[in-house]
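Written below as structure tokens is the structure these notes are about.
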Amino acid sequence: MYLPKQILWNRLIECLKEDLGFGDITSIMFEEDSKCIARVLTQQEGIIAGLEEARIIFEITGVEVLESAKDGISVEKDQTVLIVKGDPNKVLMGERTALNFIMKMSGIATKTRETVNIVQEISSKTRVACTRKVTPGFQYFEKRAVWLGGGDTHRFNLSDMILIKNNHIAAMNGVENAIQNVLAKKSFTKKIEIEVETMEDAIKAAKYDIDILMLDNFEPEDASRVITELEKNKLRNKVLIELSGGINENNLIEYAKLKPDIISLGYLIHSVHSFQAHLSLELKH
Amino acid sequence: MYLPKQILWNRLIECLKEDLGFGDITSIMFEEDSKCIARVLTQQEGIIAGLEEARIIFEITGVEVLESAKDGISVEKDQTVLIVKGDPNKVLMGERTALNFIMKMSGIATKTRETVNIVQEISSKTRVACTRKVTPGFQYFEKRAVWLGGGDTHRFNLSDMILIKNNHIAAMNGVENAIQNVLAKKSFTKKIEIEVETMEDAIKAAKYDIDILMLDNFEPEDASRVITELEKNKLRNKVLIELSGGINENNLIEYAKLKPDIISLGYLIHSVHSFQAHLSLELKH
Amino acid sequence: MYLPKQILWNRLIECLKEDLGFGDITSIMFEEDSKCIARVLTQQEGIIAGLEEARIIFEITGVEVLESAKDGISVEKDQTVLIVKGDPNKVLMGERTALNFIMKMSGIATKTRETVNIVQEISSKTRVACTRKVTPGFQYFEKRAVWLGGGDTHRFNLSDMILIKNNHIAAMNGVENAIQNVLAKKSFTKKIEIEVETMEDAIKAAKYDIDILMLDNFEPEDASRVITELEKNKLRNKVLIELSGGINENNLIEYAKLKPDIISLGYLIHSVHSFQAHLSLELKH
Amino acid sequence: MYLPKQILWNRLIECLKEDLGFGDITSIMFEEDSKCIARVLTQQEGIIAGLEEARIIFEITGVEVLESAKDGISVEKDQTVLIVKGDPNKVLMGERTALNFIMKMSGIATKTRETVNIVQEISSKTRVACTRKVTPGFQYFEKRAVWLGGGDTHRFNLSDMILIKNNHIAAMNGVENAIQNVLAKKSFTKKIEIEVETMEDAIKAAKYDIDILMLDNFEPEDASRVITELEKNKLRNKVLIELSGGINENNLIEYAKLKPDIISLGYLIHSVHSFQAHLSLELKH
Amino acid sequence: MYLPKQILWNRLIECLKEDLGFGDITSIMFEEDSKCIARVLTQQEGIIAGLEEARIIFEITGVEVLESAKDGISVEKDQTVLIVKGDPNKVLMGERTALNFIMKMSGIATKTRETVNIVQEISSKTRVACTRKVTPGFQYFEKRAVWLGGGDTHRFNLSDMILIKNNHIAAMNGVENAIQNVLAKKSFTKKIEIEVETMEDAIKAAKYDIDILMLDNFEPEDASRVITELEKNKLRNKVLIELSGGINENNLIEYAKLKPDIISLGYLIHSVHSFQAHLSLELKH
Amino acid sequence: MYLPKQILWNRLIECLKEDLGFGDITSIMFEEDSKCIARVLTQQEGIIAGLEEARIIFEITGVEVLESAKDGISVEKDQTVLIVKGDPNKVLMGERTALNFIMKMSGIATKTRETVNIVQEISSKTRVACTRKVTPGFQYFEKRAVWLGGGDTHRFNLSDMILIKNNHIAAMNGVENAIQNVLAKKSFTKKIEIEVETMEDAIKAAKYDIDILMLDNFEPEDASRVITELEKNKLRNKVLIELSGGINENNLIEYAKLKPDIISLGYLIHSVHSFQAHLSLELKH
């Protein structure tokens, strides 16, 4: 999952412009023809991401990228992941924004990979997915970080899958009415997922031609009971089962043991700790 | 700190467009003339923020805002903070993006307020500030959330204060050369801050006409020693002292006891947990 | 399928700006306080579309919309579909752009409805779909016109369904390699379609967990033979069958008789005749 | 008539972004370091156009352009008009949008050239022009395609020539009032054209200092009578005569025989068939 | 000459955004529910312009416009030209940008009107025009100010008239080659102007089917000699004569006496003094 | 003070697009493969600026920059400051916009340098600053021109310094109330300036913790009296003194003699004469 450099270019310029305003007024100190080498170094281990974005940012400020690790690989603490060369003025102008991409995206990728590893140890077929609880306008980068960490990106946005949620069901007076209306009008190119909160609705929904059934906010034992009931009704293999809501690091394993097709976790994106990294600059004579 | 609604409008449209793509394909289920009332409810206590943004988003999708709490106030769990009315289709189209603003910004405002309260109990003159470790392109909203939480916004970007950091000092071969160059060229309208890592540099820097001295990554006892030395040299009151780097919830109080002018904390923005809130919709007949 | 008015607003302003340049220099003739009533009248029968866009355009130029037909309904020749009121200067500034939306979108909607009617008479389960052969940058409006005409919008763009085409197969050295690679990496939220050109590839592909099988450029008898073979292999009901390529108004019925799930036609968008409509203005005293 | 590559760049990125969304999800199948050669081949004869735009699109997606025919030349069926080289992923990401430009623009250029040839055989001084019945926002590309086909681009937009149409005349209560008002206020740098529907108005208008007289929706014999009358009044050579409205491929020759200065045809842009072309890709080892 | 409010809206937002950055930090002093009345007052006499832009700016910041004079009228010193009402915070946020439009545009309109009056006293048929020596990106507003002052806007940009200048002639090896090439390829909808620097070139050019002949940098007596020669050759009435280059307030009358069709002056836009105006605010209780 | 080329790129494209419209229609005269050398030559002495912007414009139109002087240096009359090489079509397409940047920015830089020289002869510590009386949207370029001329850029915009002006004081019922409110809420990173109009307010203001005191519209003798009084109260060295309002070329020296810290002058930007320069092109064979 990626967009080419030239497509991201203007988006990253907007980020830089917010941070540059009328220019970097600290940089007035430099002589015009200085040159430096600067390295981005990790301060923790994890999965690195955001290097593609960092490279573009340094190209925008006018700095040459000498070496770069590949997004999505495992890194150690104190590992050099990016080396650039150029006018210190231009390096420092891009430093913070480049690091911010790396910190944010690597934080998400690292947490995703950890979670995938925990889940797949227990249930190798279960995918770990994020949700649409994202930073507005930063959706592409967060989804990409999940993908680099080995997670499933889930819906990108409101136009690539139908997802009938509790508010839709409320507004349509019930699961069946909502599904029937959607089935009658949808494009053949899109999947349908429905989020249910009760056993009853789960069974009702699974009888229709839907693709994914999300059990939302079920305790593990309740989810287990639904799955058993679906199996009894020979509905289990007709749909993918997604578990979501109220899942956290403490109970993750219990949910994984139910061997659902998907476990989705909002916190992979919305509440993750930044990955620690910094830039170290050395003047060149 | 705020920008008027009409200035934010296009920015929020961009956020919505990323999430809408070719339109909300789940909404095809609704009859055209349905109406609903929807409420945003908190799921935890804290400081609410992002309501201004949420209101604009609902106006963009074509929904009427009936009531709204004020950004920056304390809220309880299960409190209604926003009520909108309109076509369920248009409410649900904006739901996620509106909630994402509220979750992100209230999370930051809540953590900021908590921190300010802790610090000010010990040192009423000490301001709690954020840093430029932000989500690229989302800087305005994160800085505003800090401000709503009672924190200091610090530099907005690279053009509103001079901040000489370790990489500048490295590139200029020392604190004094860096300061002298900046003093010779700067505008009278901007302040100068310098970040130092040793006692020696702190004293050197404070002798110049600078406004703020940042002690970066000092252990509490080391910072204390620098402050005492500055006092001895009658330099303490010439500058504001900012402590930064390595400060966390466990050692915060120790730093506050030094009664610095400012404590700045990157994690207020970059590693905060989302505030929990959801939208509940009820069809109107 | 639609986007709210406020989201389309800036897009339509861009269209108007291209047509306005430094302003409408013919309009200098008008006195400032003139008022007129203007009507958009059809010059043929068909399905009307583009009225939503036309209304927004007149709001942008500053004209009041008094009445409007609904997009997607059948209209007669000489029917009034839109009535606006205001300064003639502002009406005429938007006239051409508004009519251009109506002409283009109604042309597509009309041809789509005709085609749907022909196909569904023969095979009521068969959907008529468009393709991605669109006018660059005008994709949303063309897809929406197909939808208003009762057609299926197919993929919106490259990120909402996987569609393995002949060039992918060529690059991957065969159908199976292409499918296996995609299956290993895809998100559970997206469907997979594969386009094949031979019976052999059709059978190979249908054995995998794909959602849609496109028979591209098959003569009706060849397509029929593939369908029979799939039925023999009990693969017919596992996948949706889409027929595409080389289908035109002369042979459409022959393809429809095969009762495929979908018939897709590029010409619905790329080679359709504009719908004829004009604006008639009357000065108000 | 053209704009330089760098000016078109962002416009074409917008087209690609609409088609890419969150990225091409089919492309996940490719190994990172594949390379291919791809050729755009015509599937009919005609005038080729849109290659400039196609080249820019492939540069945006990151593909090298090896060879390209020149926009505006005659091509045969099965002729290679563009050869690119690069990552198949990046070739296929741009394929459809590049082809869409070629199909649309070559369709217009081809029909324009055909029409110019027919008309000039009969009246070598008569120019064939398009109108402002364009696809909103795509005006530049359609006008350029007409120009590449040898047609006259007519007004680009509302600010480069004054064109008094029937609605202006209605709003100003007559031809003379409209002309007098415009003459009093216009810039010396712009031409005036007036569209008339009766002999009487034609003669009235031609007596003023106008540049072009458009006979709109006249039968050939009626247009002929107006021209004779203008000659009698020694007004024929004072103005350019443009015939427009109701002209189609069946009666084109009759209108050309009147030897007007210009024949303008909306269908050159709004109802033209796409030119057929496709891309063929071959993996490189 | 004007663009509607909604078209200018986003352009003016860009201007405000440059001036607002992260918001007006001085405004933090105000209580939330203050109200004020503010008046824009002239500090000199002249022709007022920019009020339309000022009104839009205040609407963008969220202020109500109570009264406004009309752009293009004569004003006295100390005249109130705009009255707004609202939150002082929002008034002051827009104050400077609104005044900057008024100062710049009224300065141009005032100087234009003065010049038109001087010239028309001597030669009532002579139009005073500006040139394309504008502030990049601000062209529309400067041209509109000239128009409000009664001047001719000349070419808006490079696509609405052909203007062959000395560098074109140099590149084409002479006037005749340049004209012939243009005549063979131009659209019938655009005029041709040619700038000449010698009598010889003037006569050569006037023999072709051109619309305007610009005598560039001629002393009055030399220009006079050219005009006489054109009359002798019966070429004077075939073309409009524009005088340009080296004309200033001291020699303007001498050029006007030659009764050219147009005198064009770059300084109307590029070197004009700002019109003096200020905003006076009064708190409302 | 500067922004990197890639950040300015899109901004300059917008300027060019306004001037290009549908393309340069005069350029149709050129053969495709012509080449030329073109030189920008000064027509007066002064400080050159805008060359960076001119270079980018020529790169955008597709021309190679061979040589360029450095922005901010002194130039003689008839000096070549920029040499470009390429297709004459592309040179002439950028000519006017490039020259417009040079003319505008060099005009400001030249006047600024002159003024700085006059002032510093009398008071070497006094800085000459511009104000926010700028061309809307062109602020960055005008501030940069002042900086290149050796002036102080003052506030860039409303978010980088607090400046309490007469309207703020009016709205807050007095100097002290305004200052107290701001002090209680401001960020430690920003300076406070206050503009006063009476001796009384000057003394009141200087007693607070403000950074800069602006004496607005004071006659030299009155300003002198305020400064003496501040000295008497030992307040002079606590604040920077800025003189502004009513200062012009005739009385500048009198104000400089007061040895203020800053003299600020709106006319450096808003009423400056354009610097004269032109482009001379020579065809290459």
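So that you can tell them apart, the chains are marked A, B, C, D, E and F in the order they are listed, and the count of residues begins at 1 in each.
Here is the rule we go by: a residue touches a chain if its C-beta (ideal position, glycine included) is under 8 Å from a C-beta of that chain, and two chains touch if they have at least 3 such contacts.
Treat the numbers as computed from the prediction; the structure is a model and nothing was measured.
The chains in contact with chain E as well as with chain F are B, D. If you lay the C-alpha trace of chain A over that of chain F, the rotation comes to 120 degrees, to the nearest 5. Averaging Cα atoms per chain gives one point for each, and the point farthest from that of chain E is the centre of A.
In terms of C-beta pairs in contact, B-F outnumbers the other of B-F and D-F.
Using CA-based centroids throughout, the chain positioned farthest away from chain D is B.
Annotation: 52 Å between the Cα-based centres of chain B and chain D. Rounded to whole angstrom, the centroid-to-centroid distance between chain A and chain C, based on C-alpha atoms, equals 32 Å. Rounded to a whole number, the gap between the C-alpha centres of chain B and chain C is 45 angstrom.
For chain A, residues that reach two or more other chains under the stated contact definition are 10, 20-23, 25, 28, 93, 140, 153, 156-157, 159-161, 187, 190. Note for the complex: chain E touches chain F at residues 11-12, 14-15, 18-26, 28-30, 34, 36, 38, 88, 91-93, 95-97, 99-101, 103-104, 107, 132-140, 156-165, 167-168, 170-173, 178, 181-182, 185-187, 190, 266-267, 270-274, 279-283. Residue ranges of chain A in contact with chain C, taken from their complex: 127, 129, 152-156, 159-161, 187-191, 193, 212, 240, 242, 261-262. For chain D in complex with chain A, the touching residues are 10, 13, 16-17, 20-23, 25, 28, 59-62, 90, 93.
Of all residues in chain F, only 1-7, 10, 139-140, 143, 153, 156-157, 160 touch chain A in the complex they form.
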